[in-house]
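Labels run A, B and C following the written order; every chain starts at residue 1.
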Amino acid sequence: MIRFDAVTKQYPDGTVAVDDLSLTAPTGRITVLVGPSGCGKTTSLRMVNRMIEPTRGSIALDGRDTGRMDQAELRRGIGYVIQHAGLFPHRTVLDNIGTVPRLLGWSRRRTRERSRELLERVGLDPHLGDRYPAQLSGGQQQRVGVARALAADPPVMLMDEPFSAVDPIVREQLQDEFLRLQGELGKTIVFVTHDIDEAIKLGDQVAVLRVGGRLAQVAEPAYLLAHPADDFVADFVGRDRGYRALQFQETPRLALRAERTVVLGEQPGTAESGWLLVVDDDRRPLGWVEPARIGARAVEDSDLHRGGTVARQSGTLRGALDAALSSPSRRGVVVDESGSLVGTVLAHEVLSAIEENDRPEREEGDPVRGGAVTIAGDGA
Amino acid sequence: MIPSLLAWFTDPANWSGPDGIPTRVLEHLVYTGVTVLVAAAIAIPLGLWVGHTGRARWLVSLANSARAVPTLGLLFAAVLWVGPLIPGSLAFTLPSIAVLVLLAIPPLLAGTYAGIEAVDPAARDAAAGVGMRGRQVLWQVEVPNALPLILSGTRSAVLQVVATATIAAYVGLGGLGRYLIDGLALADYPQTAGGAILVAVLAVALEGLLALLQRRVVSPGLTGRAAAGSRNDDDARAPEESDGTTVDLRTHA
Amino acid sequence: MDWLSQNWRTVIDLAGAHLYLAGVPLVIGLVVSVPLGWAAKRWNRSYPAIITTTGLLYTIPSLALFVIMPLLIGTQILDPANVVIAMTIYTVALLVRTVADGLKAVPDHVEQAATAMGYGGARRLFGVELPLAVPVIASGLRVAAVSNVSIVSVASLIGVAQLGDLLVDGFNRVIAGELVTGILATVALALALDAVIVVGTRALTPWTRVVGGRP
């Protein structure tokens, strides 16, 4: 557990980067610090491992005051991941990963084994181990950065915009893998980002900071979306709050309609106007076609309208709603775990389900102040 | 001209004795070696300190502006004013060596400083962040990454010294410059040209040797030779590396 | 100082000769380096070859090169042409790399925008790429200028008259005033040449002045 106790950082010229921050990052959870530029989120993060020293206040790691510990030893017990990874260009990937174990005095063999293990853990090909950072792509470098932070198995990790420097597709992959990893490892993580969507996606607890370094609100993501504390937070969290909050709702069983289909390569068998769903031999949806356009011939790949998204039956209401909205026929396609068609749903049916549902967040005010956090229903 | 030049090279008398080619080459190498070692002992720690702590950067600018002073002038001034203070035959050699050391310091200093400066700030931050102490950051991260530019500065220094030592023969230093200077004084062109060719060959050979050394010593991760590997998927963070020898700090002589 | 006040005419003459011997190679060297540097940048595979060759030439000590010139081009030993040609070689050796790097430093998107607007090869080079490469090339030119002025003084050892003569004569006849004048005059010339290049660069790159004068 990490506890900030009235932490302030003021520079000699008078600027206040962090102003009287009191916050608890619970053990085994991801706490995200988010806010606009100049809100002090990175400064706060860097005060935990004393890359920056607080002017006032203290930070405690499981009850021990970090200010009293030896700096280097403190840092060797904390995983540190930064933007652009900061890999050592002159060392191989494996040597990079093994940095902290070597500092701690592990044997070469043990370090190598551990490094190889982590390389796989973060989803990288083993043969990359002997490469140099310059030979890796941005996404790969970030993964190595995470592996390096995990090498000595520290209980705490600090992550400063680790996924910002890569393009959106890679970022999403990294975020998903990160969540998977955290599911296996359960570290206490403080994560900084300027992207509110990333904060909501990854955080068990989200702390919003305002310019000048003051804490505006700290809450679970669902609560934050539903109850922003003031205009600043509401603004920062942005529009589409209601829509985004859907991902945290429990998924009720939706009544699905049966849907007529045609297999790709066969004739539609009907000349009705409107849309017809095309599937493959395993009843997996491929797209929609308009039989009126095709007439008597077989359905080909080039006829497919692929605009509609596909929702999983076990997925969120958000996914179901989007499937309905994006489908050309206005009927959202729902599939089972293996990807086979189960049925379709209309937008107003999803909305009815939403309206009947309970609101996801609890109503008792900020759930986090110096205590453990319990999560109200996993949305995904 | 060429035949008499060849005659000079093939004359066995020129290959033995205190004025023989091997002796002169050796002298030249000794001057170069000693000078660069002494200059390195001064300049490299200084450069590391300036680069690591970020203080006294003016030292580097000062060293760089020394480029404008003619080496011949420095040699003459040193011999005239310091020479009389030194007894015996060293009156000529010691001031010259001192000037050589002085001239070798700027490229070494600038190269070391530039090398440390060029270290990726993210790597430096990460090094401190994972728990390396100041000294460990310096030796385990900064110096290895600064090596290309430090070695580049060393190469510049070596060539600077080889060139200046040649000229210093005018004020009594030994080495290959003797052939040039003596040949000019005696209007013995074969000797002059012979000396010139030897010096040129020596300079090129040393440069080649040091270049090879640089390839061996510097981590492949830094030279961009390694960058030919797989860089598929996402954003290309293409490093604009060459072989790191982008610093030409010679005053030349 | 006494010596200077009595001999300033000589100093001026020698300084003129020195400027010629250092400056002409600078100009010729620049003109030669631009196409070579452009070639090195344009055909990436030639870059190492060109740079290594010119680098090797720079390795040869100046006195040696001055002395070998007669062998290579058939001049007399005392001919000033030896010095001019040798200095041109040094200037080229120094500048080719600078020109290549300067052209490389022009942002890709600018080059592509120029091409898309219809600038052909040569027009693009002279109208867009070179002007933008001026700051980098200028910094290399400054190094070459100062370097040249310093090296040329060595030519006194082969009897070519310029400011270095003050050094040699001052040393041989132990006239401290002459020696010191020689050193100071050389430094002054180097700094003056440097200043001229700086001013010239500013005149050629008005856009940097507006931004705040970053060279």
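Note that contacts are C-beta pairs under 8 Å (C-beta built on N, C-alpha and C of every residue); 3 or more make two chains touch, one makes a residue touch a chain.
Only a predicted model underlies this, so the values are computations on that prediction, with no experimental measurement involved.
The chains that touch chain B as well as chain C do not exist here; no chain meets both.
Ranking every chain by how far its Cα centroid lies from the centroid of chain A, the top place goes to C.
The central chain here, found by comparing per-chain C-alpha centres with the mean of all protein C-alpha atoms, is B. Between the CA-based centres of chain B and chain C the separation comes to 21 Å, rounded to the whole angstrom. Inter-chain centre distance (chain A to chain C, centres taken as mean C-alpha positions): 57 Å. The distance from the centre of chain A to the centre of chain B, each centre being the mean of the chain's C-alpha atoms, comes to 53 Å.
The set of chain A residues touching two or more other chains is empty.
Partner chain B is touched in their complex by these residues of chain A: 49, 51, 72-77, 80, 82-92, 99-100, 103, 131-141, 145, 148-149, 165-167, 169-170.
Residues 55-56, 58-65, 67-68, 70-71, 77, 90, 94, 97, 101, 143, 146-147, 149-151, 153-154, 156-158, 163-164, 167-168, 170-171, 174, 176, 179-180, 182-183, 186-187, 190-191, 194 of chain C are the ones that touch chain B when the two sit in their complex.
Across the complex, chain B meets chain C through its residues 1-2, 5, 67-74, 76-77, 79-80, 159, 162-163, 166-167, 170-171, 177, 180-181, 184, 189, 192-193, 195-197, 199-200, 203-204, 207, 246, 248, 250-253. Remark: chain B residues 120, 122-133, 136, 141, 144-145, 147, 219-222, 224, 226-237, 239, 241 touch chain A in the complex.
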